[in-house]
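There are two complexes below, and they share subunit A, which is joined by subunit B in the first and by subunit C in the second.
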Partner chain A sequence: MITIQTNKEEDFYILKIRGEVDASSSIHLDNKIGEIIKSEKKILVDCNDLQYISSAGLGVFMSYIHEMEEGEIKMVLYGLGNNVKNVFHILGLDQLINIVETKEDAKLLVDAI
Partner chain B sequence: MMQYNYTAPCSKKNLADIRNFVNKILTHHFNSEIEIHHMVLAVDEVCANLMIHSHKCNPKETIELLIDVKNQEVIFEIKDTGNGFNLKNYQEPTIKEIVVEKKKGGLGLMLVKRIMDKVEFIKNENSNVCRLKKKIPTS
Partner chain C sequence: MRIRISFVLGIVSYLMLAITGLMLAFSRANNISTGIPSFIPFLSFIIFFISIYIFYQAHLGRLKDANLQDLLWKIFVTGLIATILSLALKLFKFLFENHKVGDNPLFINFIYFLNLGLLLAFLVSTFVVWERFIFYQKSKRLIYSWRSFIYFLLISMSLIFFSVEFGDPIFYAFLGITFLISIYFSVNLKWVAYLNYKQKWKSILLFLLIVVYISYFIIQVVDSSNEILILNLLDNVTTMGIFTFVVVYAITSVLVLLFNLPTSSVFEKKLEEIINFQRLSQSRNTGKNKAEVYEILLESSVSAVMADAAWLDTIEPGSIETKQLRYKIDSKEIQDVQEHIPKGRIKKLLSSDPVKNLMTNRYIASIRDYRFRSILVFPIFIQNESLGTLVLLKEISDGFNDEMINIIGTFINQASISIENFNLIDAAVENERYAKELNIAKTVQRSLLPSSLEKSEFFDIIGYSVSADEVGGDYYDVYKISEDKTILIIGDVSGKGTSAAFHMSQLKGIFQSLVQLQLSPKDFLIYANNALAKGLDKNSFITVAYYIIDRKSGSVEFSRAGHCPTLFYNYDKKIANYFYGIGLGLGIIRNNEFYRYVNIDKIKYNPNDILVLFTDGITEARNNNQEEFGYDRLKSLIIENAGQTPDKIKEAIVSALNSFCGSTAPDDDFTLIIIKFKENKT
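Moving on, here comes the complex of A and B:
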């Protein structure tokens, strides 16, 4: 089960994920990202309350990398707990997806990349 | 040596219960939070794959999970009666292929293989078994 909450701070679009992203719930994340990249260019993903992610969730983030590059859309994840961060790390995906500690770092990185 | 088992209908909404079950048992026996999380993740990935690809998420069909906790090793067996999976035919995709071809699958088994010490898919006459082994250093 996940809930996704969104809000805007300046020109940053913040997507907060709560709960566990697995094969059952990843579709909601997929739909949400698919929808927001149509209009937003600077996306911050707040993972402070993301308790779990499986490959289905990783796959969602991976599947938008190409489209985001082509559309010059920037996305940065922040606030990942150790377990969640580690799942990205096992496959080296932390090299492909921007991950930082805090929202402030995320804003800085989105503006820099 | 302790053995545990859990049977779940092939509906993805049961994955959270399977994870809770595995987590509870492993937490009872082991201390390393990161190792426990890895094993929970690997079992979740195998169960999700079976539910989706072998059973088309049909809740009338089930998968059975056995956990065998030994002194310095945990063995997980996930049994089902679906089509079966042949690891010999599995070509691990590269990360590049996943990005370029926007494949949402393929990452699960990669995780399982990185996490576990041994991954086997065994096809019997009436059932299939995915056996995962993980060595646990004594704490």
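Moving on, here comes the complex of A and C:
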């Protein structure tokens, strides 16, 4: 189960994911991201409380890469735990998605790209 | 047998009675002695009496299936025949009225004996049928008291020898006792309750006619009471006692039937309700379908409350289409009624919620200015899901009482249970079908994985794969492309279950086609990515690792497309290492940029070195504390068991994994391939 919390800081849209993203809960994440990329350009994903992500969850992030590039939407993930980070790394998604340590780094990165 | 014996005995004793009686009459008239003692006709009379009783009892015993109405009818017919014969005798006697023969005691006695036979046969047969009526519902006490009554009657028969005549105190005493006994047995009228209205009327008529016949006979007997009679029935306590009993029972029956007439319709109604209730509850067993259950519900409800019109809206779960069953109402009128409800006063709300929707609440209302004056609305629910609404209408106001509401409630409950059973069974059948389909899918998918891995001259290999669901998304394969080269692939489709299984079969197709082209691992991955770009759905990707084992150079060349890193054990150094290298899952980038993310690794192997390929189902398996099995545990297990055969190593890993996870079921597919190199003999 996951809970998704959203709030805005300046012009950054922050998406906080809590819990475990597996095959069934990834649908909620998919819906949420699909909804916010319609209006937001700067998206920060707070993964501090993301305990686990399955391949289905990775599939959600993967599926928006192309769309975000085309819509010039910038998304940065931050605060990933080692397990989660490792999963992104093994799949190679860290080469396509920006992953940083802190929220500040994330804001800086979003503004830089 | 009993019938025949009693019949013969009856005839013989009757003839004995008639002959000896007539002889006595003759001797008495002519004052000559025949030498026949007077007890012989009396004894014959008693035997005759008992014989017909036994005969009728045996005869009735044969008609076990006959209902009380039929028996009553039989008695009526017997009475009719006996009466007609008796009238014929009277006519015969009348013809000789003014003749000398008419005064002949012999003649009078002769006629009397014939009448006596008819009367006794009729009386005793009636008695036996009444006995059957009384025993409609037997009890031990009833049987004992009836037996005593019979004994009492037998004793009373013996009075005939003592010339106890009508008018004697003993005669009156016996008759009085019989009368009291008759009243005692007359309360056994349970059969009355089981007759319907029409049957009750018919029974009353038959009882009255039977009483008329019997009375006619008795009057005959009293009329012809004469000094010259050898055997006067009027003087016979038993005959008079049975007559008393028969009449008393018939009269109480008639009275009880009469008093039961007004309530009979209520009783019938209750019976009908019970039968309807049973029809509703047994619909599943009797091969009915849902539509028939609804029909029975409407029909039963209409008859239970005597509604003038009704309709039943039903809706299939998961559908929006409603069906309507109508009784004496058309859709135009239904619309009218629905429009009138808001105008009418809502009499009584039967559910606690306020009326939000006029069609989904239970209530009674009265309608003003319309043909129907009262309405009862009852929605049907199964576990808060609406199945439909039953609407009953009456042309009189306040037409529904609490009793009716209760019975409708019961009908609706029973109908919902039946419908729910239908739904559950349908669902079970559906599930069964899916389970079968999945089983087929499982078999098919299992066949996509190699059933056994061919052992090579230069390495031992074992492959093992388990799915979390019926079908899974893990794939592995081995392809010996030449004497020296063997190709290995391991893959993992994102997600799990059926969709993963379909993508896995795509991967198999791609592998089997491309492998023959002898591509480098890098080219293989690029082509495979291109092929999958069009076949995978938006959220799916596949991680793959591709290996070429070359005996000549003693090396393994491999590429990783987002798959778990390869674990390699070096026998000489006794160390194991994971080979991470850059890589990206297939299907993530679906354009020609993919080549940038492919890297090739190459390792030299020596005998006893071990290559371990696996999917993330192993490393990401978690225990109750949400701890992952992880890469380090796997690595240590390989180091510990490096001396074993691949099969043993696999077993060690699987058992370690099972004991780690404990009771938690694996929630991902997992696959393990272990290759152990042999001495290079070339």
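General remarks:
Heads up, the rule we're going with is that the second predicted complex is superposed on the first by the 113 of 113 C-alpha atoms of A that agree within 3 Å, B and C clash if a C-alpha of one lies under 4 Å from a C-alpha of the other, contacts with A are read in each partner's own complex, and residues count from 1 in each chain.
Basically, a contact is a pair of C-beta atoms (placed from the backbone, for glycine too) under 8 Å apart; a residue touches a chain by one contact, two chains touch by 3 or more.
Computed from a predicted model, the values in this text were never measured in an experiment.
In the superposed pair of complexes, A:Gln51 makes contact with subunit C only, with no contact to subunit B. In the superposition on chain A, A:Ile65 makes contact with both subunit B and subunit C.
Legend: residue contacts after superposition of the two complexes on their common chain; A:Asn82 is shown touching subunit B, with no touch to subunit C. Using the contact criterion defined above for the overlaid structures, shared-chain residue A:Thr6 touches neither subunit B nor subunit C, since it reaches no partner.
Of the two partner chains placed by superposition, only subunit B is touched by A:Ser24; subunit C is not.
In the superposition on chain A, the residues of subunit A contacted by subunit B and by subunit C overlap at 22-23, 30, 52, 54-56, 58-60, 62-63, 65-66, 83, 87, 90-93, 96. By the touch criterion stated above, subunit C contacts subunit A in their complex at residues 492-497, 538-541, 543, 561-565, 580, 582-585, 588-590, 597, 616, 620, 622, 626, 628, 667-668. Across the complex, subunit A is touched by residues 12-13, 15-16, 19, 33-34, 37-38, 41, 44-45, 48, 51-52, 95, 98-100, 102-108, 110-111, 114-115 of subunit B. Interface residues of subunit A, counted against subunit B in their complex, comprise 1, 20, 22-24, 30, 52, 54-56, 58-60, 62-63, 65-66, 82-83, 86-87, 90-93, 96. Against subunit C, in their complex, subunit A makes its touches with residues 22-23, 26, 30, 51-52, 54-56, 58-60, 62-63, 65-66, 83, 87, 89-93, 95-96.
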